[in-house]
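In the two assemblies presented below, chain A is common to both, partnered first by chain B and then by chain C.
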Partner chain A sequence: MTKRYDSIVVGGGHNGLVCAAYLARAGRSVLVLERRHVLGGAAVTEELHPGFKYSVCSYVVSLLRPEIIRDLQLPRFGLEILPLECSFTPQLDGPGLVRWPDGDKTRREIAQFSQRDAEIYPEFGREMMKVGRMVKPILEMTPPDPSSLRPGNLLDMLKLGRMFGQLTESERILQAKMFTMSAIDFLDEWFEGDLLKATLGVSGIIGTFQGVRSPGTAYVLLHHYMGEIDGAFRAWGLSKGGTGQISNAIADAARHFGAEIRTEASVDEVMVRGGRVRGVVLEDGTEIQADTVVSGLDPHRTFLKLCNSSDLDAEFLGSIKRFKMRGSSGKVNLALDRFPEFTCRPGDGLHVRGDVAIAPSVDYLERAFDEAKYGDFSQRPFMNVVIPSLVDPSVAPPGKHVMSIFVQYAPYALKEGPENWPQKRQAFGDAVIDTLAEYCPTLKESILHRQVLTPWDLEQKIGLTEGNIFHGELSLEQLFFLRPTPLWSRYKTPIPGLWMCASGTHPGGGIMGAPGANAARRILKTR
Partner chain B sequence: MQYDLIIIGGGHNGLTCAALQASRGRKVLVLERRGILGGLAAGEEFHPGYRTVGVLHDTSSVRSSVIDKLGLESHGLKRRSDEAAVFAPQKDGPGLLLFDDPVRACDELAAHSASDADRYVEFRAFLARIGSYLRGILGEIPPPISPRGAGQFLALLRKGWALRSLGRETMYECLRIGPTCVQDWLDEWFETDVLKAALASPALLGTWSGPGSAGTTALALMQICTAGRGIVGGPAALVDALVLACESRGVELRTNAGVVRILTDAGRVQGVELADGSGVEGGLVASSVDPRQTFLDLIRPLDLPGDLGSGIENWRCRGTTAKVNLALDGPLEFSCRPGAVFDTIRVGENLEEIERAFDSVKYRRLPVSPHIDIHMPTVLDPGLAPAGHHVASMLVHFVPHDLEAGWGDTQRADLLEVCLNRLAEVAPECRDRIVGYQVVTPADLERELSLTGGHIHHGEHGLDQLLSFRPQATCARYATPLEGLVLCGSGSHPGGGITCAPGELAASTMS
Partner chain C sequence: MPLPTPFHPRTSKLCESLQFKSWAGYFAVSSYQSHHDPEYFAFRNAAGLLDISPLYKYEVSGVDSAAFLASVATRDVGTLQAGRVTYACFCDSHGKVIDDGTIARIDEQSFRVTTASPTFGWFDRQRRGFDIQLRDVSDTLAALAIQGPNSREALASAADDGIRDLGFFGIMSTRIDGVDVQVSRTGYTGDLGYEVWLRSGDALPVWDALMEAGTPFGLQAAGLDALDVTRIEAGFVLQDVDYFSAPRCLIESRKSSPFEIGLGWTVDLEREPFVGQAALRAEHADGSDWQFVGLEISWEGIEELYAAWGLPPSLPTHACRDAVPLFSGGRQVGQVTSTTWSPILKKYLALATVRTAQSSLGTGLEIEHTVEFERSRVAASVVDRPFFDPDRKRA
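And now, the complex of A and B:
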């Protein structure tokens, strides 16, 4: 008979670890079980080529909630965020566009394309920050249930109503627009320059199976604007030592508060007896008992794989099956023996020490989406490229570099079927390299090693259903009190004692930690 | 004052508003730029001896309350005795004749899928459950963004309560599916491609969105829940009855009277100026033309209050619909149903084909395989064409207003060609039957019917341009910040199509 825990957290991704740390901090006995040999889930660093440390999946951070950093004392456990200050959109037949840390310099860049846009740009930033601030309190909130008349719930609804009531009319209109418009329709109201709109618009599609012209993407744009490092809005950063360092710091904090963490411990089943959770069963048959089980996996895996369907009613299972996963992105990681020059802006200066977006026009992005819509990967994809070794030399041998390429679109559901991804993997990798090489002609000859991750691989290796990096599409009908299903959006599940704590719950994906922290708060309140 | 109310534009909404206001004893003048009344609902002879029943041809969503209040039946209007069935032809397959009534639809559906025939019963039951709630929303003045006073708050709460009274599951289902794309929603219900295409089609009419665009389920729900029996003789017959209703109430109807300016003085509307330079004084002016024209063309920028102008500048009205009218020496016959004649036909094999047709407008091209919504008014009303001959009224999606190459004779010929190519795939003999035709591009609609962007709904039906945001939050309740100016056209809630609802609701705000 093994030890009995207050809580078992299934999955050692960043949200599972955050939840575990908060539970342990409150004095609960907590066990985290991670299937892989390494912690972090999609926030991992792995040395896949000697001397080169890849941030295998997730590669930048901005959304990690500052109160989590404070509460868990993450800097003490090794968290160090290096700011990414620039954003560069190269062109094949033009100078490209760089947004610098210096506002005046950015305005001059934008003015090359449109004087009018340059004048409006600072105001746009202020407006976005304003909406970001309005939405922020919602991130920390457990979604209320608008259908319930219980006093506690009515109070939550009232709070929400008051929050909305305090906005001015123009702020309400702006908010309504952000939730319903497409990124490009929204940006069209502000700007005329195509390259600027493409550059800004990509924030609206990252991780979603939507195009920049799809309604609802303006919200995702905002989702990416809400990032916050040291209180500065819209600041992105890299974790020193790779993204895995974030997970390691959270894990160390959790251990410090008393949590136990086991790797290579794959959970096979959530044990339910007499209508409530009793613990988990591992793949090797070991049973571990606990009063509560918290799933850090996505809703599909949690309910369709870990749970026995006889423990859940058919209607609930139907609503989980309807929850859209639809991974749309892939990842290519490269080890390079030298810096790859961008033809339109040579040198390894500040302009490449941020993220580089291959987004030369709005139509380019939309065409990339069109191909995916019909079940094929984009031949000329949108890419978000980061060269972390320029900012953090510890991740590559001296003079050498790692390059992280986030690629969209790579639809999980290929028209030939997702199981055909392994045969298409290299062709996909080639399309990425070929496209990027148009901007960096020396790229191909400097590649020492390449790792290509398709959505199929993300599912098989990392455990993300259909390769969705956010544990479910960030579309309006899957947010807030509808995430992951209308009646179960408050971290609780229909099985007493089973909870959810990951990106498939409010407020959704990204290295934010908010679902983990919100879930822990609810669990602690409940007993 | 010469008139109590001047209405700009003699389309179906302008006429509705005029007749309803005249019923209250107002002295009303309607000013129509064209030589005929009716706007998008006006019938015209497009080829000697052949008439259309309007640019738009669907009258199934006309508000019964308008017909009743104005006694249109006493002015000759007749509802169809039977619900219209939609025929969706297939290249290889039996096609589908789809009735709203699941019992009548059963056999046709079962030929494609037994489970879809069963699901259709549930589908219709779900729609019946939420229908009255949705009709309530669409048939009322939209709530204000910033409610003031207890009355407006209570009205909002009542709306919420009405939704909650549908039951917890149904309430959540409405909230969940509203913002989704119609493709996802229909995929949850059915497996038959041609059924899904036929059901999605009306929601996409006129919009700059494909079946994969978020928010189109809300449009589909709006359309399906308001559809009933159409009007014999189509929109043109509706206009005839509305004109009689106006005349019997003493409304003055003036054609060839284009308004060039709304006259204001000290922040209040005083009347209008006509193209011939003459002025007409009115206590109130109601505009049924689209919001961009109303605010940006007819009003001097200096007279526009606040930031209304900049808001309207961002009003999206990119037209995506063209019209092709065919004069035929016999009915359209479909190879999958030899010998049968249908009056409502939607040509689209599956949602992917419609989505691909939509892709073309994004890049300002003609679709290779357009989605075609056909009405043959001559099936019910043979008098519109010579004996034995027919008229096919075809709304063609998706055709960009701002075609990359511009609209010239070549492009119009190309448009006709892609339509006939697609039609010939299901009705191979259609070309041989043609005795005349008319091609109306979105650019023609803009020029001839004064529709900005050629948009048949006066502005996109996007979630951010509906309800309390149509056309702007400050004028979504028909009254505008410019005192004395009211909106009464499709650019206001609940939007475009032949419903007469904007005209009716606008009239209800003018006490």
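And now, the complex of A and C:
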């Protein structure tokens, strides 16, 4: 007779762990089941070359909610966030652009290209911050159901209405623009310099299957502006020891509160008897009972793989199938035997101790998307490069470096079919290295090991359907009370006792923890 | 006009921000870049190299050196082994603190003392009858602190053997790049760390050798702004900030006993007489008026204050040394003297002096906090010091 739990969390990704920690903290008996040998899902650190620790998938952090850090006492369990100081966009035929922590220095950098932009830039930041702050409380709330007249729901709608009501007219206009425009159209209203617009515009496309000129991408820009560290907006950081350390800290907090965590325990099926959840069945046939099962997997895997289709109605299943996954990015991790110099700004100073964007022009970014539209990976992709070993020497041997390269576009749906990705994996890796080597000529000869992850690999290894890093695209029609599907955006599912707690629910992706915490709050209220 | 330290040719060249302060009359770098964050993270995450030459340094030698130091310090220095360092207070005859610092026993008959303010004159007045030689080596002895989790490996790769075996609060002689130095496993960051003591004339080659060997371990030059955040996280008192040296106080109420600045643990009462012993015995028996405590300021409270103005919470980016009143039940019960946001603990921390009645762990107090020119109060609670105390410090 196996032990019975109040709650089982399927999937030990960071949101599953956050949810488990909150449930355990409230006194529930909780079991987390993780398929892989490591916890963290897409927030994992793995030593794939001796002495070099890769943040395999997710590589930066900023959205992790400060109240979660406090509630779960994460610093006590080993969470250490190191700020990324700068942001650097190198050029092949120019000085590149660095945004520094020092405002005056940044103004002078931008003024190389446009004095007007340089002086507007701080104003832009303030406006974005204002709108970002308006959206911030929404991150912490359960989306109201606009079709329900239940009093609690009406109250939530009212709160939301009041929040919008507090905006000034110009802020409301700004917000409406962000909801409808493309990142570049939106930036065109502010700036004239192409390099600055490309640098800022990439925040609008990360993780989406859209180009910088696709409508709606302006909102995604804002999503990235909401990042905060220590309550300071627009600050990104690295987790010491790699992003896996965040997952480990959350897991240790969960264990501290009494949760039990099992790895290499793959869940095959959510058990439904008499119209409600009774537990789960593991791959080896073991049944574990619980009245509450929380899925930390994406909506596709949750409902199309773990659930029996006879337990769900066809309309709901249809809406889940229509929920767009569409992975568009890959990842290349490198072990380097020395620091790779950037020709346009040599040295390993502060300018490379942040993130480096390969986004030399707006057209470059749009062209990268063109190839993806027709089922090819970009030959000259947008890349976001971080060299964590410069600020965290613990991830590489002394004097050596780890380089993390986020690459877009790599469409899951190759024109030859996604199953052909393994044959294209090395060609994709070569395109990435070749492009980057144009900016860092010594890169190729310093590579000791490389890991190339295509969207296919992200699906097969990590369990992200179609390789979508956000468990479903962060596009407007898939956000807030529409995430993952209009009537089921409140972490609840049509199967009583089955809940969702991951990035496929409001407020979405990134190492934020908010879906996990919000779901736990809802689960604890129900019953 | 401050004087350059022996490392000035190197530190001034690296100090792009031109932010220096005067420390004991010497130029000391506040922060090398416009912002001290990278230096702070070097201390906590890799290693930082800090010029501490401005410390006041005295050598005491001779047959009576141990007996002399035992008679002026709150600690029983006579029992200190050669090759060990201790930490103590020096008090006046009323048991009020004149200074606090380290005492290293170099060998049987020679010691080195560091203090925060000039104490040669006071030592000199206490030496009658003791057969000792007292020398002020503040100007001739240079010193560097190398602190942080990678400091051991960085230092070990620059120095001859032995660094890895040096225990917490131990001191040894070794060589760096052929230069004779002493290394003690001490520091002011509350982390794994070392201090290197050397002749002023050898300063530059030793700096260069440490930087070269340390760079692969993430060693960076670091300044006093970063140090200040780490020392508050470590819960260490700072003279002229958290307490004042007795001979320099105009009024009695400004003076403090070791018990009142959190250094009661350095007082060995039951032994041969030492300066201040009788007064300290009496205070120990009767209890002290004040206690030095750690405080955690409610972040939710801070957020609320700012939210009322429609502002995001914002705290000073530097450790703050402005004294701020503390309240309990509407009455002022003490003052906060050092405050910092701790980037590693994600907490807003303070060091404070409070009435003994309000000093027990968990006591809820209120600290003054100003937002938009309006003074308000925010909840704070008394918590244990050190706030940050990693195992590696002693391991």
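Some observations on this one:
Basically, the second predicted complex is superposed on the first by the 527 of 527 C-alpha atoms of A that agree within 3 Å, B and C clash if a C-alpha of one lies under 4 Å from a C-alpha of the other, contacts with A are read in each partner's own complex, and residues count from 1 in each chain.
Note that a contact is a pair of C-beta atoms (placed from the backbone, for glycine too) under 8 Å apart; a residue touches a chain by one contact, two chains touch by 3 or more.
Keep in mind that what you see is a predicted model, and the values were worked out from it rather than measured.
After overlaying the two complexes on the shared chain, residue contacts for A:Thr435 are found with neither chain B nor chain C. Of the two partner chains placed around the shared chain by superposition, chain B is the only one that A:Arg322 touches, whereas chain C remains out of contact. In the superposed pair of complexes, A:Lys373 makes contact with chain B only, with no contact to chain C.
In the superposition on chain A, A:Gly399 makes contact with chain C only, while chain B stays out of contact range.
By the document's definition of touching, of the two partners only chain C reaches A:Pro66; chain B does not.
Of the two partner chains placed by the overlay, only chain C lies in contact with A:Asp102; chain B stays clear of it.
Of the residues of chain A, not a single one touches chain B in one of the two structures and chain C in the other.
Within the complex, the chain A residues that touch chain C are 66, 69-70, 74-75, 80-83, 85, 100-102, 105, 129, 133, 230-233, 240, 350, 353, 391-394, 398-399. Residues of chain B that touch chain A in their complex: 145-146, 160, 164, 168, 171-173, 175-180, 184, 188, 209, 212-215, 314, 316, 352, 355-356, 359, 362-363, 462-464, 469, 473. For chain A in complex with chain B, the residues that touch the partner chain are 146-147, 169, 172-173, 176-177, 180-181, 185, 188-189, 210, 213-216, 322, 324, 363, 366, 370, 373-374, 475-477, 482, 486-487.
Residue ranges on chain C touching chain A, taken from their complex, read 33-35, 37-38, 41, 44-46, 149-150, 153, 215-218, 299, 303, 312-314, 341, 343-347.
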